[in-house]
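In the two complexes that follow, chain A is the common piece, with chain B as its partner first and chain C second.
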Partner chain A sequence: MSYRVKRSEFDDILSKLQEDYKIYAPTRKKDKGTFSDTDLVLYDRVSSLEEIDFNSKTKYSPKEVVFPITQTLFYFNGDEYIEAEDKGEKVLVFLRPCEVNAFKRLDKIFLENGPQEDIYYKRLREKVKFVVMECTEGFDSCFCVSMGTNETEDYSIFIKVSDEEVFCEIKDEKLTEVFADQESTDYTPEFIQENKQQVEVPALEDITTDLFDSEIWKEYSKRCIGCGRCNTVCPTCSCWTMQDISYQDNENIGERRRVWAGCHIDGYTEMAGGHDFRTTYGDRMRFKTLHKIYDFRKRFDIDMCVGCGRCEDVCPQYISFVGAIKKLNQAIKEEKNNG
Partner chain B sequence: MVKNPYIPTAVEIISIRPESEVDYTYRLAIDLDVDNGQFVEVSIPKVGECPISVSDFGNDYIDLTIRHVGKVTNQIANLEVGDKLGIRGPYGNGFPIEEYQGKDLVIAAGGTGLAPVKSIINHFYRNPEEINSLTLLLGFRNPANILFADEIAKWEEADHIDVILTVDEGDEEWAGNVGLVTGFVEQINFTDLANKEVVIVGPPIMMKFTSLEFMKHDIKEEQIWVSFERKMSCGIGKCGHCKMDDTYICVEGPVFNYTKAKNLVD
Partner chain C sequence: MSLNVKEFKKNAYRITKDRGVTALRVRVPGGHLEAKYLTILQEIAETYGDGNLHITTRQGFEITGIPMTMVEEVNKKVAPLIEGMEAGIGVDIGNPEDGYPAAGTRNVSACIGNKVCRYAKYNTTKLAQRIEKNIFPNDYHVKIAVSGCQNDCIKAHMQDFGVLGMDLPVYDAYRCISCGACVKNCQKRATGALEFKNYKVVRDEDKCIGCGECIAKCPTNAWTRDASKKYYKLLIMGRTGKRNPRLAMPFLEWVTEDAIIDIINKTYDYVDEYIDRSLPKEHVGYIVDRTGFQVFKDYVLDGVELNPECRVAEHIDWPGYKTNVSNNFKKVGK
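On to the complex of A and B.
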C-alpha cells in the first residue's frame, strides 16, 4: 500500500513512529568534515524530516546499528561473569538498497557461519526495520548494479521525497496504522539500473592460488598505508577483536567487549610471541579484495561487496576498489593467455 | 534460553607442571568432551582471552600446555594451584584417529606442536592393539626446550613405539640427535607405504618442508595431516581473524588433510 504525505505532515508520522522506534538516518553535520568548510554526513538519531539528508552518502555505513564499534559482551565481578543486558530498543533505519543488502552479508557471518548464532548480533538485528530511500542516481563511486545489490524487497517502508511531498510504500502491516489518514497513491519504488562505474566480477573458477602471488598486489604494498579506513567504512566488514578492560575505581570489576578490527591494520593476524601473517600491505589488499568478491561467494553464494564505494571515498591514497577488481580481471586474462 | 557462547566457565587449576623454563602444563578440573587436537579459549578476566590446544584430557580434567609468551599467558604465569581460569570450548575439529586404526602412524612434531598431538600419542600408547606401529619424530630448538621429557622417556620404552628425538642445537651435555626434523625423515621405515598415515604439527615452515620430505618418500598428500595455529578471538567463525581463503581455521580446522591445507594461503 502506498501513500502520499505532505512534507509538513511527515514529522507527525515520525513522532508517532518514535513512540515505538528509535529512528536513525543520514544527517549532515555542518562544518564537521575533515577539511575546512566541509560537512560530515553520518548516521544519527532523527525526529524530523528536516534533519534527514536524502541526497548524500554517509561516510560510515549503518552497520553500527547491529554491530557497534564497541560492544560490551559481559561484565567481570570477581570470578562472576554477568551478561550485558539487552536494551531491547526497536530501531527504524533509513538506508539505501545496497545497505539493506549489506545487512544480509552481516547476517551470513553472525547468524549462519560457525556452529551457533551470535546472540549479541541477533538480539539487535531482530529489532531493526528498514526504511529504504529511493536511490535512482547513485554517486560517483557506486557500482551496486555490477554487484547485483541495487534492488531489495526487504523493507518496512520505501520512501521517496519531492519538494512538496513524501511518497511511501508500506509493507509492514504494523506500520500502516500510522499512515491511515494519508491519501493513498500508486507509488511504486524504483531502483538504479546503471551506475557511472561498472565492473565485471571474476568467475569463481578463474581465481587460482597462482593469482595470490600476482604482481598486481605488489603495487598496493607501495600505495596502501594500512590505515584501515576502508575496513571501518565498509558496510560488510564484520571482523572484531576481544578487548578486556578493568575499571579504575575498582580493579576487581571490568568488562569484556568486542571492538571492530580490520584486515589492513597492523596486528590483525599477529599472535602471542610475535608471529604474524600477511605483513605486506599488498597481501592485505589481496586478502580483502578476494574476501569481498571471491571467497565469501564460494562459502555463501553471494559476494560480500555491495558496491557502495565508501572504501574508495575515504582512502587517503586514492585506491579504487573497482580498479583493483579490474586489475584482477586483467591478471586472470594474462594468466589464461600464458596458460 | 540459548547458552551465551562467549561467556567462559571459571575452572580450578588442580596442578601446574613445568615443562621447560617458559612452558607449563596446567591441569584443570573440568569434564569436557574433547577430541584429540581441539582447542579451548582461555580467559583471564580483565586481561583477555587466547586459544590454547588441549594437550591431554581425562574424564574429569583437561591439560593445557601454555608458553608464557603473550599478554594473557604472562598473566597465567602468576596463577597458582586452586586459582581459576576461564574456559570455553572445545572448538574446532580434531584428528580423525579412527582413520589411523591398524595403520603405521608417524607423528612428526616441532616444539609446542607436540601439545595438540600428545593425546593421540598417549591414546595409542595405552591401546597398542589399535595400531600397527607408531613412530614419533620429535624436534625441539634445544635440549632445554624439550617438552614432556618424562612422557617421551615412557614412549621410548614402549615396544610398539619408535621415537626419534632431535634438537636444532645441542649443548655440552646433549648426546642425542642434532638437526632439523626434516633431516630425520629418511630414518623412518618406508615399507608398506599404503598403510601409512602421517601427522605433522609445528611452525608453518616446519610443516611445509616436513610434508614435502615425506612426499619425496612417496607418501601421498591424502596420507598427511597438519594442524594450523592462527589468531582467533571467537573460536566460532564470527571474528574473522583466522580465515584463510573461504576456510575458517577455528571451525573447519585447526586440523586439515594436506590436500586441503596445501591450498590455504594466508
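On to the complex of A and C.
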C-alpha cells in the first residue's frame, strides 16, 4: 500500500512512530567534519523530517545501530558477571538499498558464521526495521549495480521525498495504522540501474593462490598509510577486538567491551609474543580485497562488498577499491596468459 | 624637482636610489585577489613602469621604475584595485583616485587558509580583511600576519601581531577504537598531550596546543573540534631589524577573533600614547620594550572581554639576539 503525505504532515507521522521506535537517519552535524568549516554527515537519532539529510552519502554506514563502536558486553566482579543491559528499544533506520544489503552481510557474519549466534548482535538486530530511501542517482564513487546490491525487498517502508510531498510504500502491516489518514497513491519504488563507475568481480575459480604474491599488492605497500578509514566507514567491516577494563586497585572488578577493529590498522594481526603476520600495507590490502570479493562469497555465496564507495571517498591516499578490483582482473588475465 | 617626500611616501610610493624614479606598493589584504587585477597591474607596469612587478614579502606587488611625474596618472589607474580590495571590504579609503592614503601600517598578510588547506582552522583572507578594515589607513608602523594553523606558513612569528588558528578538541570515547593514530602522532609531531588510559584517550589540557592533529588523524571522528566558536593564538612583537631580531611570543591562547580585533585597535591608542616622537618612526615592538610588557598588557586588555577558555601570558621574555653583542666572532683576516 502506498501513500502520499504532505511534507508538513510528515513530522506528525514521525512523532507517532517515535512512540514505539527510536529513529535513525542520515543527519548533518554542522562544522563537525574532519576539516574546519566542514560538516559531518552520519547516522544519528532524528525526530523530524528537517533533520534528515536525504541528499548526501553519510561518511559512516548505519552499522553502528547493530554493531556499536564501543559496546559493553558484561561486568565482572571476582567470580561473578552481569551481562550488560539490553535497553530493548525498537529501531527504525532510514537508509539506502545498498545499506540494507550490507545488513544482510552483517547477519551472515554475526548469526550464520559458525554454530553460535552472536547474542549481542542478535538482540539489537531483531529490533531493527528498515525505511529505505529511494536512491536512483547514486554518487560518484558508487558501484552497487556491479555488486548487485542496488535493489532490496527487505523493508518496512520505502520512501521518496519531493519538494512538497513524501511518498511511502508500506509493507509492514504494523505500521500502516500510522498512515491511515493519508491519501493512497500508486507509488512504486525505483532503484538505480546504472552507476557512474562499473567493475566486474572476478570469478571464484579465477582467484588462485598464485595471486597471493602478485606485484599489484606491492603498490599498496607504498601508497596505503594504514589509517584504517576504509575499515571504519565500511558498512560490512565487522571485525572487533576485546578490551577488559578493570579498577586500578583491583583488577578482578571491571567490564569487558568490544570495540571495532580494522585489518589495515597496526596491531590487527599482532599476536602474543609480537608475531605479526600482515606487516606490509600491501598484504593488508590483499587480505581486505580478497575477503570482500572472494572469501566471503566462497562461504556465503554473496560478495561482502556492497559497492557503496565509502572506502574510496575517505581514503587520504586516494586508493580506490574499484581500482584494486580492476588491477586484480588485470593480474588474473596476465596469469592466464603466462600459464 | 620639488617633492613633499613625507606625503609622497604616505601615498605608498618609495624614494628609490634613482632620482626622479619611484615604485608603488599595491596592497593585497589577505594575500588573495581576483585574477582580473593582474591585467591592471600589467598595464600600469608596462605603460608607466619598467615592465616589471616585484612580489613583496607582505604579499603585495611593487610596481617599479615609475617616473615621479607620472604618479597622478598611476593613482587613477590603480583606483579599481583600491576600490575592489580596500573600499570593497569596508576600508574607509577616501577618494580611490588619489591613491593609497597611508603606508605605515603594512599589508595584512595571510596563508592560504581553510579555503584550500586541510590544516587551516579558519578563512584567513576574511580575518586579514577584517583586520585591514579596522587598522587601515594608518601611519603607525605595524605589521600583522594571520596563519590558519600553528605550522605558521605565513611566518606570523616575524610580525608585531601574529594570529594562529587553534582547535579545541572534543573527544567522544564511544567513537574511539584505540587505533592509537592520535596518540602516536601527538607524541611524535606535536607535544605528547595524549595518552591511553583503559584503551581510551586522555588529553592533558596543559600540554595541548590546539593544533588539531588528533582531529585530522582520527579514523572515526571520535575527535572533533568545538564548533561553538573559533579559537586563536595571538603572538606579539616579533621583528627583524638592526637591533634585536626576535620571534613573536604567545600573548593569548584560545582567544576569540573579537578580542583580537579589540586588542589590535587598542594597540594603536597605546602607540599614540607612548611613541617616541623624536624619531621619524618607531616600531611598536620597541615601544613595548621601553614601557615593559605589563604596561602594554594592562593597556590593551583594559575593557576587553575575554572568553573563559582564554589563557593570558603572565610575563613574556622575548628570545632573539642583540646585534651589538658579537664577541662570538673571530675575524678571518689579520
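Everything that follows uses one rule, which is that the second predicted complex is superposed on the first by the 333 of 339 C-alpha atoms of A that agree within 3 Å, B and C clash if a C-alpha of one lies under 4 Å from a C-alpha of the other, contacts with A are read in each partner's own complex, and residues count from 1 in each chain.
Convention: contacts are C-beta pairs under 8 Å (C-beta built on N, C-alpha and C of every residue); 3 or more make two chains touch, one makes a residue touch a chain.
This one's a predicted model, so the numbers in the text were calculated from it and none came from an experiment.
In the superposed model, A:E169 makes contact with neither chain B nor chain C.
Once chain A of one complex is fitted onto chain A of the other, the partner contacts of A:A261 extend to both chain B and chain C. In the superposed pair of complexes, A:I245 makes contact with chain B and with chain C alike. Note on chain A: of its two partners chain C and chain B, the one contacting more of its residues is B.
Once chain A of one complex is fitted onto chain A of the other, the partner contacts of A:P68 are limited to chain C, with no touch recorded for chain B. In the overlay built on the shared chain, the residue A:Q116 is in contact with chain B alone; chain C does not reach it. Of the two partner chains, chain C is the only one touched by A:L40; chain B is not. Contact with chain B, but none with chain C, is seen for A:T209 once the two complexes are overlaid on the shared chain.
Of the two partner chains, chain C is the only one that A:K32 touches; chain B does not reach it.
Across the superposed pair, chain B and chain C both touch chain A at residues 241, 243, 245, 261. Touching chain B in their complex are the following residues of chain A: 73-74, 76, 79, 81, 83, 109-110, 113-120, 209, 212, 238-246, 251, 254, 256, 258, 261, 263, 268-273, 275, 277-278, 283, 287, 290-291, 295-296, 298-299.
Across the complex, chain A meets chain C through its residues 29-32, 34-37, 40, 42, 59-60, 68-70, 227-229, 231-232, 241, 243, 245, 257, 259-262, 265-267. Against chain A, the residues of chain C that register as touching in their complex are 114, 118, 120-123, 165, 167, 173-181, 198-199, 212, 215-221, 224-225, 227. The part of chain B that touches chain A in the complex is made up of residues 2, 4-8, 10, 45-50, 67, 69-73, 84, 86, 203, 229-231, 233-234, 236-241, 243, 245-246, 248, 250-251, 263, 265-266.
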